[in-house]
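Each of the next two complexes has subunit A plus one more chain, namely subunit B in the first and subunit C in the second.
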Partner chain A sequence: MNDMRLTERNVASDTAKMRARKVQVYYGDNHALKDVDVDILDKTVTAFIGPSGCGKSTFLRCLNRMNDTIAGCRVEGEITLEAENIYDRRVDPVQLRAKVGMVFQKPNPFPKSIYDNVAYGPRIHGLTRSKAELDERVEQSLRRAALWNEVKDRLLSPGTGLSGGQQQRLCIARAVATEPEVLLMDEPCSALDPIATAQVEELIDELRENFSVVIVTHSMQQAARVSQKTAFFHLGHLVEYGDTGQIFTNPRDPRTESYITGRIG
Partner chain B sequence: MSSSLFTQDARTTARNAAERRFRACGLAAIVLALAALVWLLISIFSAGAPAFRQAFMTFPVTLDEKALDKEGGRDPAKLSKVTTVSYAKLLALGLKAKAEDLGLETTGMKSKDFAKMISEESAASLRDRVLADPTLIGQTIEFTVLASGRVDGYYKGRVTMKTAVKDKNTSPEQLALADKLRAAGVLDIRFNWGFFTMPDASDKRPEAAGLGIAIVGSFLMMALVLVLSLPIGVAASVYLEEFAPKNRWTDLIEVNISNLAAVPSIVYGILGLSIFINFVGLPQSAPIVGGLVLTLMTLPRIIIPTRAALKAVPPSIRDAALGVGASPLQMVFHHVLPLAMPGILTGMIIGLAQALGESAPLLLIGMVAFVRDFPGGFFDPAAALPVQVYNWTVRGDPGFVERASGAIIVLLIFLLIMNAVAIVLRRRFERRW
Partner chain C sequence: MAEQHIARAFDRDLEAIQALVMKMGGMVETAILDAAQALETRNDELAEQVRKNDKAIDALEMKINEEAARLIALRAPTASDLRMVLSVMKIASSLERVGDYAKNMAKRTQALAQLGQVGIIAGAGASLRRMAKAVTELLSDALDAYAGRHLDLAQDVRVRDRDIDQMYNALFREFLTHMMEDPRNITACMHLHFIAKNTERMGDHATAIAEQVVYLITGELPEDPRPKAENVADLTKAAGA
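On to the complex of A and B.
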């Protein structure tokens, strides 16, 4: 794995943006996630790795309560955003999701124009006061998603007409347009070709300046390339969590070592 | 030794033969279905097309003061006591005078025979016209009458010289005179607007029967069904599909909706009779009751396709909307409903089309009644297109067979229009994306 640029890795901040303590997730009777403790640091890319079905996506979806939409799913324990428990009764998940944005595995732009896709979040949250301000927000978001130069001449053409990589970047632009504090990405590159993947990865690194990013990935190389912190999940347990360099070069748990060297998974 | 690819082994031959047989069966089924459809259309159109053409006669009628207003003075109360019999006599005289004027042979024709060539309906419309304008009395006016059902049928092949010999209502002499009148331009066959505008007529006047009230009644009911069942159906579907918890109760509701869609429509008629008429006390034969009954019948048939359309919206779109912080309601109204709209509209139109063609429940709430006055609103008695078809097919005069088929054609045209609207709306909604 000589493409791991471990030297570039320096955690920008030590303040925890989100904190998870003793998180349990059940799907009906199935105990899918057991005793997960994680701190998501501010302005940091955190990668969740692990074999399929290990619970990493489940945990990601706990962070903005997308699991609420799944019938029979139950979350216990405590997850806080800026010291506020997001599973508190008083929390409206809709408000939470404006602060904790999400990008999904498959690019899922709305079947509307590129402009409307990006403008949707600011519109429903009332983030802009005028059309000019909204235009500016759309442009800024598209620039952040490294898509502006490709689409600036066809903002009104449908978002579904873009290529797969462009669609995913459009989804990222849509997510950052609401100025979230945390951006969750659920295998954002698994449906993309290597070139588009490289673009998205580069983008993730840039997004780190403004947001804390949590990315679930199947590719250990990707985790190594983009993240500063890595968490390894296995069979519903958080096996190991630490600096990415340490996880990949000097794992403490034998299961982590087996996984990253390709013996389990 | 391996076998050659150039020769088919026994299994391959058998499989290919099975496929050919299956294809042949499928093709045969399609051909059969098409043939049945073509046959149906041909029989309906050949039987119904004549209903759109009608024989009219135009001649001068002298509105004799002695016959209509013996005392003079044009007292409306007295004028209204003069029955259509007197007017029918004047019409017969007018026709006779016209025939003699033209020098047409009328041997063997009594004045009763002239009267029989004219629809009884025309005496009534002449009376209406005189009552509306009594100054016409004493004048001679040019008046257009409907030819009687038999004369009309003669030009549509229903009546022949042969059948006329034994027919009490006509005679070969009348038909021969009709031919001469036609040659002279007195009788002509024109497009029958009255078929769309006139009310139903009694058993002996098929030539005057029209679909006017049935069209108005069906239109009123469809408007009510649309206005009630679209919002209720869509709201119920959205709630069940997007918001309702999945538990035993919602399962029960789901099963019940499916069962309701399969309940025979006449049961809804009984329900409507007992609830809307007997309990609530709404008037019989009224479009309000018909519309409500058809709404009840249509609701499950709209909810099922609407739910299917909502279900077909990819979950990734819901995730995307929720992911940027849309509330569930915003998710539904901004993303799910617009995407499901083509499917919802199709279900809606199919439901409406079924309701438009439904006669059984309407029979039970009295829409089978004979109605002559146009309804002024939802609470006045009216007829309905499919019930009118039923009504005409049970009548004795062969003239009504043609009317019934004509009504079916009108019904089919309405259904075609509705389907066309559905297709146009579908296109519009699909093009937006």
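On to the complex of A and C.
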């Protein structure tokens, strides 16, 4: 069953970058996420799919403690990054988010220049020692985000003046500038046109060489196109997790089947 | 699957394709039975009609493939929907082959009519018609298993193909005997043998359809080797041919 498939790029690694065990999330009295166990593999794109309100974004936000910022939100269970519990008291959430970067649904560049948008993370985390080093980091990040050629002549113009697709790639460049280990993407293409979507998807596939990518998407076709692993969430449960090819051709759970074939919303 | 798609037009598309496959199956079954009847009763007109009707079967296969391609492009089917579309294409292709064999039987029936070796043809014609009837039943069950998603029936078809193989073995032996008795029988027996062999192949296609049903339901093709009884290669050795 697990032999190499021609149509499916192989998962490069079997080692888990992040591990979640028995994760529960409550918003006040509302038990939003129940008993989620999942391994996020290194150098792999993992897609979370499921209907609205199923808990996939909530779970994504647990992975870099974005839920800390929501009043009344309580997370139980264990989530580790490289064997270190990210909810440990000694972990600084700001440092954690440098290691677990995030890209949001709507492109949200800072009202600053393109250069400063990308340089922001390395600067506040003190990741570079000189201007030259910072320049290099900015260029490298923009190249990784496949944006360098389009913006290299106008690095000082405002990031908000770029097109939607370019802005989103700028946000990806900003996220990778801190050299994160994991990149979380919450519907990164839902505000983009098909061409920009294709560019971001191509980019996600390239990012897989260096990072572990977790993407939440409402487009099942997108999940099928970009990911190697897929997790299906429904009503706060992780229903099924497996190879993307298997999930889309022969899902084990009838709920997964119903969802991906368009029978339940 | 009893559950409906949210987009109901998707269900209608899938049902329409499935209906085409069932229609094609019906046409192929008729072609087999008509060809076998034409052979036994030496009915040249009926044989001619079978040959003509094959065009409609071929056209239906093309139509099914076109519809399947359209559905893949427009609906991007996944999981069991995807397997249904894939299996539809394979089943249509199997049915088309079976239709060709029926047409070939009709063609050989017309050739045999020219030979006029009534004795041998009448004897073998009855056996061949029984074999054709058994194959038609097999095919019909395979298609019923498909339409109703009956796993057990599909598995049963795979096993029952052995009976067809045994009928073929018996006929092979019979034709061999006739030919050894009198070389003037060779032409007729060669035609009859091809008819028997083609009918045996029809059984294999019915089995292939049953395997597609297994794939459609379980997501995996059956791994166990299906029971086979076609062993004329050994018979030939025994006969010293």
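Everything that follows uses one rule, which is that the second predicted complex is superposed on the first by the 259 of 265 C-alpha atoms of A that agree within 3 Å, B and C clash if a C-alpha of one lies under 4 Å from a C-alpha of the other, contacts with A are read in each partner's own complex, and residues count from 1 in each chain.
What we mean here is this: a contact is a pair of C-beta atoms (placed from the backbone, for glycine too) under 8 Å apart; a residue touches a chain by one contact, two chains touch by 3 or more.
A quick note: this is a predicted structure, and the numbers were derived from the prediction, not measured.
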{"item": "Partner chain in contact with A:224 - subunit B first, subunit C second, else both or neither", "value": "second"}
{"item": "Touched partner set for A:248, first subunit B, second subunit C, both or neither", "value": "second"}
{"item": "Dominant contact partner of subunit A by residue count, subunit C or subunit B", "value": "B"}
{"item": "Subunit B versus subunit C as contact partner of A:171, first or second or both or neither", "value": "first"}
{"item": "Partner chain in contact with A:257 - subunit B first, subunit C second, else both or neither", "value": "second"}
{"item": "Subunit B versus subunit C as contact partner of A:121, first or second or both or neither", "value": "first"}
{"item": "Which of subunit B and subunit C A:67 touches, first, second, both or neither", "value": "neither"}
{"item": "Subunit B versus subunit C as contact partner of A:98, first or second or both or neither", "value": "first"}
{"item": "First, second, both or neither for A:110, with subunit B first and subunit C second", "value": "first"}
{"item": "Residues of subunit A defined as touching subunit C within the complex", "value": "220-221, 224, 248-251, 256-258, 260-265"}
{"item": "Residue ranges of subunit A touching subunit B (in the complex, touch as defined)", "value": "64, 66, 69, 71, 94-98, 101-104, 106, 108-112, 120-121, 124-125, 158, 160, 171, 174-175, 177-178"}
{"item": "Complex contact set, residues of subunit B against subunit A", "value": "245-246, 314, 316-327, 330, 334-335, 339, 433"}
{"item": "Subunit A-touching residues of subunit C, taken from the complex the two chains share", "value": "1, 3-7, 10, 76-83, 219-220"}
